[in-house]
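Heads up, the next two complexes both have subunit A, just with different partners, subunit B and then subunit C.
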Partner chain A sequence: MLRRFRLEEPESVAEASELLARLGESAKVYAGGTELLLAMKEGLIQYERLINVKKLKGLSEVAALDGMIKIGALCTHHELEKSSLVQQKLPSLHKLEQNVANVRVRQSGTLGGNLCFAEPHADPGTLLMALGAKLVAEKSSGTREIAAEDFFVDAYETSLQADELLTEIRIPDPTDHSRSAYLKFGYLERPSVGVALAFNLNGGGLSEVKIAVGCAGPAPRRVPEAEALLNGKGREEAERNLAQAGAVAGKASQAITDLHGSQDYKEHIVGVLLKRAFQSAVS
Partner chain B sequence: MAKAMTKLDAQVLPLSFTLNGRLQELDVEPHELLLDVVRERLGLTGAKRSCDVQVCGACTLLVDGRPVSACTTLAFEVRGRSVLTIEGLAEKDGKLHPLQEAFIEHGGFQCGFCTPGMILAAKALLDENPAPSEAELKHFMHGNICRCTGYKKIIESIMAAAKKMRSGS
Partner chain C sequence: MEFKKEVEILVPREKVWNFIWDVDRFIACVPGCKEAKTIEAGKKYSATMVEKVGPFKVEFPTSIDVLEREELTHIKAQASGADNKIGSRMKVDLDVNLREHADGKTMLGFVATVDILGKLAALGHGIIKRKADQVLDEFAQAVKKRLEGEG
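Up next is the complex of A and B:
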């Protein structure tokens, strides 16, 4: 049962941003509603107004431009799993999107909404960190880019300002040497652990290694200490260092004991998934 | 956040959409859910409220041919769109859809609570992919939960319907 609220339907990002500035905490941006409406039905949060951003133009496209894959924040998971550009250029993201929740959530839920709600057990943020994504935040007075690893502050908390909207996700165009994988594990509806790994494999050596872990703790995070164990190494040495990198990444995941598993268990799974992600990325 | 809410006046949104092939026009408030409008205001009770969190699939309806959770879809979202419920699946003369026939023939249900959602989700799958592998079927349907059948007969039913639909009979 939802409590009564009023609906605003701005036609431009500037108008939406002005509404957010004026209405403050009494209003919330609404896109797919797959997370927001659940929390509102449960009575955990309530708003006097929802600002439906789905009428904003130009935020539902995927394009390869300026050396980047640009994904409009309103793209649904379904649109991304069906996008031939995503499939060709970003196979790890394509696979992730095919496996978000279920077919109905993928139909309604948007990538931008998923990131902005910052539910700790969400998949995309973790992979976007490893892919070196930048998130575009817009408000009436200007636009800025936020690196994916600086976007998530805590559970349900992002670095977006109150009057900013996430409008685009920018992922560097991969080269022939780019490798990446995202793997998750869980036994409830949402994953217990997600691990993303990306690197360049050139002449048998790894460079630009990025590792991110998510779902285990309050927010996804990059793990530079684990990356350092693989970066600049030959493939075989990197493979030998994987167990240590996995242990480091597990500790860094800020895993908490909850219904999804104990802290120790999740830390262990991070290591298992990192090894498998490596195998998947090089295969 | 959880601060005291001022009392809000009703906001009326005119809603016009196609329901099972017929135009529907009514007024809704922004917070009204599609499931409540269809069940309580329009009297079509095939879609069920169960988990209420988009996990179980019992409230599945097709909007422009794609499955959505009516329990978590605001009613105004279907403005100008086409909604199909289980009540609109059979032909006008009462002839059942091949999926409905197959569920009966193959015992694809026991209590029947999940069946409207199962059949509509399966329709969306077969419209998109008329010859799914069993793995593709399971992947597409994994968000529709049945607590009676163990799924084997549901899978058999959908596969049988797919075959029948492909042969055009």
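Up next is the complex of A and C:
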């Protein structure tokens, strides 16, 4: 049962930030509510107040601006799967959004909320790391950008300060040479393993390779050691190195043995998904 | 969930043994443990365990029973508690072993069997296991640091 709480309805990000600063741990930002309300109904967390940010203006748009694809943090997964700009510019994110959870979650769950809740088995954070995304954190006194790989601290923990709100996700506008893919695997409701791969491919081979793994461990993470095995290599050499890169990424995933699979199993799946992600990205 | 830890402490075994039974000093090494009380010296204690994973907080009022005690070598204890707000229970079976090494060093080993029941399990076995492992590691290191620091 959902216990009583008071709903605050700020009219600006600054006002929401001031409320967070004033109310501290007794309040939480409420957007789509798909994870927060579930945890509150279960009695796992309790807040005296929820700060409803759904009505804040200007946080639900997708635009291509200044060499970036800018996604408002309040965009729902459904809006992103229906966005022609996302479909055209960021096909891997488009595909990911089509497959987040289920249709009910996609209708009300927001990208920003998904990132801020930092549930270990969430998809978007992993791909955003590989796409080189920056997350915009705002509070009443200023704005800063956080690289996606610096955003996730641990399970359910982000580097957002207590009075900061995530307002925008900025992804570099891909070029004709950009390739990316996100693949996940699981047999329960949430994925056991997610792997994202992005790189530039031209005559000289692969450059700016980014590999991220998620779901297997407490938080998604980039794997520079695996990236180095593919970066600067010709396509064939990169393909030969994929098995080794997959093994390195598997070890780096901090996989935990749980109902989603054993540590060894998850590490193995990381390797399998990386190979498939590569094929998907180049095809 | 079973955890095994072993830590080498550079002080003699007697000192480690006495430290374990000094509730206030010992409790200060258990992460998240507060309000420790001696109900019956050497047999029964109570404490409150507070742990946090992201926004999820649990508070277990815990009772600790010493089941076996073999001077300077072994302690078997059981701790159990319930967080009624969240609807979860915790039980820890703890085996503590002390071995004296040459030149005044002591190996402090413990095996903890931790069971978490109830809604808290919704967080996922992996997350809870990792948290428990972290707590036990921090505890082992804190005991080492404190004892060695005291010279």
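In this section, the second predicted complex is superposed on the first by the 282 of 283 C-alpha atoms of A that agree within 3 Å, B and C clash if a C-alpha of one lies under 4 Å from a C-alpha of the other, contacts with A are read in each partner's own complex, and residues count from 1 in each chain.
Criterion: a contact is a pair of C-beta atoms (placed from the backbone, for glycine too) under 8 Å apart; a residue touches a chain by one contact, two chains touch by 3 or more.
Note that the structure is predicted; figures quoted are calculated from it, not measured.
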Subunit B and subunit C placed together on subunit A: clash or fit? fit
- Go through the superposed model and pick first if A:L274 touches only subunit B, second if only subunit C, both, or neither. neither
- [ ] Name the contact category of A:L165: first (subunit B only), second (subunit C only), both, or neither.
- [x] neither
Query raised in the report: Touching A:S108, do we find subunit B (first), subunit C (second), both, or neither?
Result: first
Value for angle(subunit B, subunit A, subunit C) over C-alpha centres, in degrees, nearest 10, is 100
| task | State whether A:C75 touches subunit B only (first), subunit C only (second), both chains, or neither. | result | neither
(Q) Is A:I45 touching anything from subunit B or subunit C once the two structures are fitted on A? First, second, both or neither. (A) both
If we overlay the two complexes on their shared chain A, which of subunit B and subunit C does A:P120 touch? Say first, second, both or neither. second
Report task. Identify the partner contact of A:V213: answer first if only subunit B is touched, second if only subunit C is, both if each is, neither if none is. Result -> neither
Requested in this report: Could you tell me if A:I256 is touching subunit B, subunit C, both of them or neither one (first, second, both, neither)?
Outcome: second
In this superposition, the partner of subunit A with more touched residues, subunit B or subunit C, is B
Minimum Cα separation between subunit B and subunit C after superposition, in Å, equals 5
So the subunit A residues that subunit B and subunit C both touch are 45-46
The answer for subunit B against subunit A in the complex is residues 1-3, 5-6, 8, 10-11, 13, 29-33, 52-55, 57, 60, 66-69, 72-74, 76, 121, 124, 139-144
Counting only contacts in the complex, subunit A reaches subunit B at residues 2-7, 25-26, 33-34, 37-38, 41, 45-46, 48, 50, 78, 98, 101-105, 107-108, 189
The subunit A residues in contact with subunit C across the complex are 28, 39, 42-46, 118, 120, 154-157, 218, 256-260
Note: in the complex, subunit C contacts subunit A through residues 53-57, 85-87, 119-120, 122-127, 129-130
